[in-house]
Amino acid sequence: MYKVIEELVENIENKIIKYRRDFHKYPEYGWTEFRTASLIARRLVELGYEIKLGKEVVNSEFRMDVPSDEDLEKNYKRALEQGGDKELIPFLKGGFTGVVGILKNGEGPKVALRFDIDGLKIQESEEEEHFPKKKGFSSVNKNVMHACGHDGHAAVGLGVAEVLRESKDEMKGTILLIFQPAEEGVRGAKAMVKAKVLDNVEYIISGHIGLKAEKSGQIMCGASGFLATSKIDVVFKGKASHAGAMPERGKNALLSASSAVLNLHSIPRNSKGMTRINVGELVCGKGRNIIPESAYMKIETRGETKELNEYMKKYAERILHNSAEMHGTKVNIEYVGEAESAQSDYTMIKMVKKIADKIYEPDLICEEKVNFGASEDISYMINEVQSNGGKAVYIMFGSDLKAAHHSSNFDFNEKDLKNIIKIYSALVCNILKRKGSY
Amino acid sequence: MYKVIEELVENIENKIIKYRRDFHKYPEYGWTEFRTASLIARRLVELGYEIKLGKEVVNSEFRMDVPSDEDLEKNYKRALEQGGDKELIPFLKGGFTGVVGILKNGEGPKVALRFDIDGLKIQESEEEEHFPKKKGFSSVNKNVMHACGHDGHAAVGLGVAEVLRESKDEMKGTILLIFQPAEEGVRGAKAMVKAKVLDNVEYIISGHIGLKAEKSGQIMCGASGFLATSKIDVVFKGKASHAGAMPERGKNALLSASSAVLNLHSIPRNSKGMTRINVGELVCGKGRNIIPESAYMKIETRGETKELNEYMKKYAERILHNSAEMHGTKVNIEYVGEAESAQSDYTMIKMVKKIADKIYEPDLICEEKVNFGASEDISYMINEVQSNGGKAVYIMFGSDLKAAHHSSNFDFNEKDLKNIIKIYSALVCNILKRKGSY
Amino acid sequence: MYKVIEELVENIENKIIKYRRDFHKYPEYGWTEFRTASLIARRLVELGYEIKLGKEVVNSEFRMDVPSDEDLEKNYKRALEQGGDKELIPFLKGGFTGVVGILKNGEGPKVALRFDIDGLKIQESEEEEHFPKKKGFSSVNKNVMHACGHDGHAAVGLGVAEVLRESKDEMKGTILLIFQPAEEGVRGAKAMVKAKVLDNVEYIISGHIGLKAEKSGQIMCGASGFLATSKIDVVFKGKASHAGAMPERGKNALLSASSAVLNLHSIPRNSKGMTRINVGELVCGKGRNIIPESAYMKIETRGETKELNEYMKKYAERILHNSAEMHGTKVNIEYVGEAESAQSDYTMIKMVKKIADKIYEPDLICEEKVNFGASEDISYMINEVQSNGGKAVYIMFGSDLKAAHHSSNFDFNEKDLKNIIKIYSALVCNILKRKGSY
Amino acid sequence: MYKVIEELVENIENKIIKYRRDFHKYPEYGWTEFRTASLIARRLVELGYEIKLGKEVVNSEFRMDVPSDEDLEKNYKRALEQGGDKELIPFLKGGFTGVVGILKNGEGPKVALRFDIDGLKIQESEEEEHFPKKKGFSSVNKNVMHACGHDGHAAVGLGVAEVLRESKDEMKGTILLIFQPAEEGVRGAKAMVKAKVLDNVEYIISGHIGLKAEKSGQIMCGASGFLATSKIDVVFKGKASHAGAMPERGKNALLSASSAVLNLHSIPRNSKGMTRINVGELVCGKGRNIIPESAYMKIETRGETKELNEYMKKYAERILHNSAEMHGTKVNIEYVGEAESAQSDYTMIKMVKKIADKIYEPDLICEEKVNFGASEDISYMINEVQSNGGKAVYIMFGSDLKAAHHSSNFDFNEKDLKNIIKIYSALVCNILKRKGSY
């Protein structure tokens, strides 16, 4: 059976790379994946999948940090101009950019695979040696870029869809291919879980390219140690004044913000485990000679456990409030994203290992639980499935990287995509076809 | 003679207020005053003034901190749409938005009056009790506002033009009405001086509404203590990295910036006189979970003397360099604006006093040199004229203010404009007509 | 008459220098001037002055920041060992180290001269070229030094005592020579005022060597602009914890303190006048690997007016409270010293000028009010006398300095002391002898 | 055999507690353990051990951060007054306060046990419920306290000495009891290693009370994850100046220090493992109104590996240099202590486990390698023995704590000491007597 999968994958490799480059060229940030999602949905239909999309699979109450209506509208138009599927895109309107493809084949377990599809607000590198630049598929959307490999994930999802469609008759049960928006900022998974996408799902499988496994040919069969995280938007409001003539009449929001930044980074390390804090954005002030009236900050905290994240959050809140008061400004704190900690199941990791043995060199396979060391809102899906008695695994697929994730020169090796499709497809076959072997 | 001036001014008061409200409604920030300058030039032509404008009066080499071509172009189009003078506006293209009106009447001294015409990048208040809002002449240009009274200055300039035109026959000599762009940020005066606008000028007169004199009916006959100032653009360049997975691989530009902000504000006060520092803008980072790669800062330093400003500059540079290095980032420092310290002449102050006595209550007239306490690039013009043996005066005209200069609720009392026109006109008459009295 | 004074002074110059060097060698910080004060008192007795000392002239309720009993006791013993006057020193016990010498000569005004006598907690320079080192009169008291010239002031006081004693018959009225402890930290004057030392005093005269007038031969006839000031002791209390094993259990007093220091120095400059802040001492922590549990700070604020000092105080308090809370520590704030702003009287300045004309080069005499630019608790005495209808003057006596006041290399030129004695003596004669002239 | 040990220990429990309380009452900080070490040496002699002490076992070249001669001398005298052994104490003079007891019994392996004996510079709590206070054995040495349990370790060492002496005939080989000074600050072990104390040692055994295992009855059979650490002394040198009169002439060492503190704590967390930083002490400034001329800091960095500690060190150095330069001060950086990372051996852990099974409840025994999470210079000894092919184990002995280590209320439960003696003694017996069992 595995041989069949292998052959199927080898045959579609070029197609997968085409998908990937297309997604890469038209990156769309969270909740604006109108083009990406509509084209994925169209392809799933072509392959014979039943599809659900838009509000059916994204609970509007639980979306976090959705762009302004104006922003959504502008991107909707852009997506149409850039070739979004005219018929399906209206279902996504308003930023409901999730898609689920369903393939049923009689009685049997329900297995879900999840692929995240959003890009990042990063301007792609224009250096000549940057591979997408060289090959002409660099982002055409200014200040948006697939700098985390989700273009690859989406392409893999379409590859898996095709392979499993071809192998359909060998399996008994239901396959769910979940294409999730807004993973960056951990803002999308919860809304899909709350739309009951995972009801009765017994297995949830997902993974990431090039994280931890930064070498082509490597595989880490199961990750744990997803960091619990909170995403926090902060506004300091002070009072403007002429900085030369009456500095004492202002209330300086930048002094509050700068004091907050230094002190937030100074929150003591915690002996109970890993913690993180980042002030990823700060925008402040309206003119050189005006005491800055307001400051906008985007912060995230993380912790190896929920408790550790709480420790960071509580300490951060105290710093924010006091940095404000110290300089007579007011602060507003809003939580705009959250993810939990999560664990892969050992039985699933073993299953991955068995398949990996067929593809990878023995010494590049890591069977121990790997510390993910970052946050992923897959944690909501994993915890949802596990709390209903199901199982989960999150796999780290190796790939030679050109630069770190989330940097403007980020690039993985496209040749690694086919192995990911093999692993995913074989996993599903293995679960749904009890008697067979491969 | 003064009686005549008084009558002329009273007659045109409504016109002046109309001008002022029009300028207020269409504020334009430094180097984009296409509409304002073209309409002023048109009016001067109507009044029979010879005009010079554009590159004739603005030396392109000495303009500081000019907006991007794209920005200039966008504003040029906007200005045309908003009623800029179609015939004259092309001379201003590229951001050469200065205008000089000339009125010659035989042999005699050359007197220059200077009016600044630019607005600020501030979003105007939408509170109902805000006077421009109530009267329907609030700014229609988003994030641009006349929050420093330059709309009044420009209207006064047109009023003075009309009054002096009518009184022309009483005077001997040459009148120069200088309408200067980009006073905010002290970026415009030097370029006009370097275009030789002040050649052979023996008297330079200017002033400000509502500064220090914050009460209608007040006048301070001459200001000194203009603060020397430097306007500095700073860029910190670090390295992005995923803030959760690999924080140690980043070089955090925001840590550099925040450390710089706190330390810049901590530069010791100086016993030799007043100093100032402000970080008016800070923009930093590209995403919540990315170590900030770059930070952009707009800074200004000031000092009561050139030496004090140098003290601030040198100390600030040291802080900037070390804040960068401390966190492994690089810093780039660019000087984008500068003004000098300057002094009004006592003989001119006395002259102002004599005229003021006819208009203002005795106890609201201040004859002593007033400490300006801020920066104005009029200092370049004053120093230019004085260094050629001429005389200068800078007058503070009282006005009831609704809120501080450079704040979104700023508003002066329009009724005070006519007194300013009276003072300016009478001063010029006094200088150019030796025999007469008033 | 002035000629007589001049001669008297010239005759005792060597004696004055001897006094000065003796005081310099045995410096005593505030409230521990046991040796200095007892020897001054002894000399006054020798000269025939009536004396008051100890609790008679120092109101114990109003002394500020008195050293611990242990510290006082230790210094009392030291003073005895170093030659303090055995008979008089017991009156000073407990830190009542003020002395007043009184010389009555019939009916007439009451004139007070005030001399401050305390040293500073500074370790004197051991560089060979340091004059006191070279001449062998460097401080023998470790970490205590006359680095502000009060050794000179005390010596001048004894010189004036001798000169006035000799000229006694020429005057009508009462002379008070006030030797004040604990001027450093502005802690002593109030306690002497509150002991009614200035009752019925009509003139108060004092001055400083080398402040502002940093050149021998200079004189500034009257200072104003004494800065109002507050001296604040701050304690942050947190919680210790092992910094390696459980950093999160600590509450870090040093983070609170460091954040406070940077933010205190960042308090905006004030357009209404000069302000100052200094954190002069910080002591924190009990071990390298322990999260610092407490931090002790000595702060001072200053302002050109009481209002400006209040602005600094209030802002500083806010910063201190929030720096504490931010890191979960508690803060305690205590005011341990205060001085007011004050003004010399013009009539007195003119009187000084007239005498100065006899001694100094015309172009080195400054008749305008000089901005003192620092704090002096003479302000309490000046305000006390003036509020009772009296007059005051504070004179700045020029002297070539080797290094700034309060630095370890500070040294003035001894040759300037005699001119100070001349000015003081002549002033008193002038006031008390109406008919005469000089 | 184990039964014998058990009985022996039960018999001496009261004696052990007496030792502990005596050491607790007379705590001595690193390199001043004159009393403690001399009494230990005396007791070892009484028990029949051969002893080495002083320079024989402490290589003077490798001692780190030794107190001043004056300080050593003062403590030497104090130790004599407090009952130090008159005969042996001279060998320790100058701060060579190490002792080694040797017990040989024929051919066999060489086993070393290491006990650390120093106290901390902490003032002991005076709260009534503090156990040592209640029982009258609180520290009589001001600002010195056994707040880390080394009093217990030293007492245990004497207990083990007695038990092993009694069991001598059952064993073949050599026993070394190493009493090490200056473990706090990780300053002592290296000097003993460099004195060749561990030559030919095949087993090194040590442990700690109450660390990680904070419950009586618990035992963690082997610790790893000792943090590599550097102890750094920092001096900032600036320039003093009068803070009111001439703030701009100073170079403020406290601004450098405060900026350093906040930025040091802001060093990014590292994804490769645990890191730590602490500024445990800061002393700065000489007077409230003087710009602080110097600042003294005690810093430590830590890392889970040597590389991580290097990352912290390098970053810290950069911050220190730039914090200095930023405010025009100079910085001096000195390394005064260092420890390595280290690992217990699994075979040793198993051996501990086997003995622990006889004493502790099964569910309170932890057999997995425990993350030590702090630094201990035992790491030098472990690495020394292991690099020669030997084996090492570091055991965490549970004890109910009253407060965290290094806090003024720290106290462990004395009743737990006897179990520690049992474990140590049985371990040695087990190693040296191959044939027997227990």
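Brief remarks follow.
Which chain is which? They are A, B, C and D, in the order written, and residues in each are numbered from 1.
As a convention for this text, a residue touches a chain if its C-beta (ideal position, glycine included) is under 8 Å from a C-beta of that chain, and two chains touch if they have at least 3 such contacts.
What you see is a predicted model; the values in this text were computed from it and never measured.
Of the two chain pairs considered here, B-C and A-B, the higher C-beta contact count falls to A-B.
Comparing the CA-atom centres of all chains against that of chain C, the greatest distance is found for A. Spacing of chain A relative to chain B, judged by their CA centroids, is 49 angstrom. Across the assembly, chain D contributes 245-247, 255, 259, 262-263, 265-266, 268-269, 271, 276, 291, 373 as residues in contact with two or more other chains. On the chain C side of its complex with chain B, the touching residues are 262-263, 265-266, 268-269, 271, 274-276, 373.
The part of chain D that touches chain B in the complex is made up of residues 245-248, 250, 252, 255, 259, 262-263, 266, 268-272, 291, 311, 318-319, 321-323, 325-328. Those residues of chain D lying in contact with chain C across their complex are 120-123, 143, 184-185, 211-212, 227, 229, 231, 239-247, 249, 254-255, 257-259, 261-262, 265, 276, 278-292, 295, 298-300, 302, 337, 373-375, 404-408.
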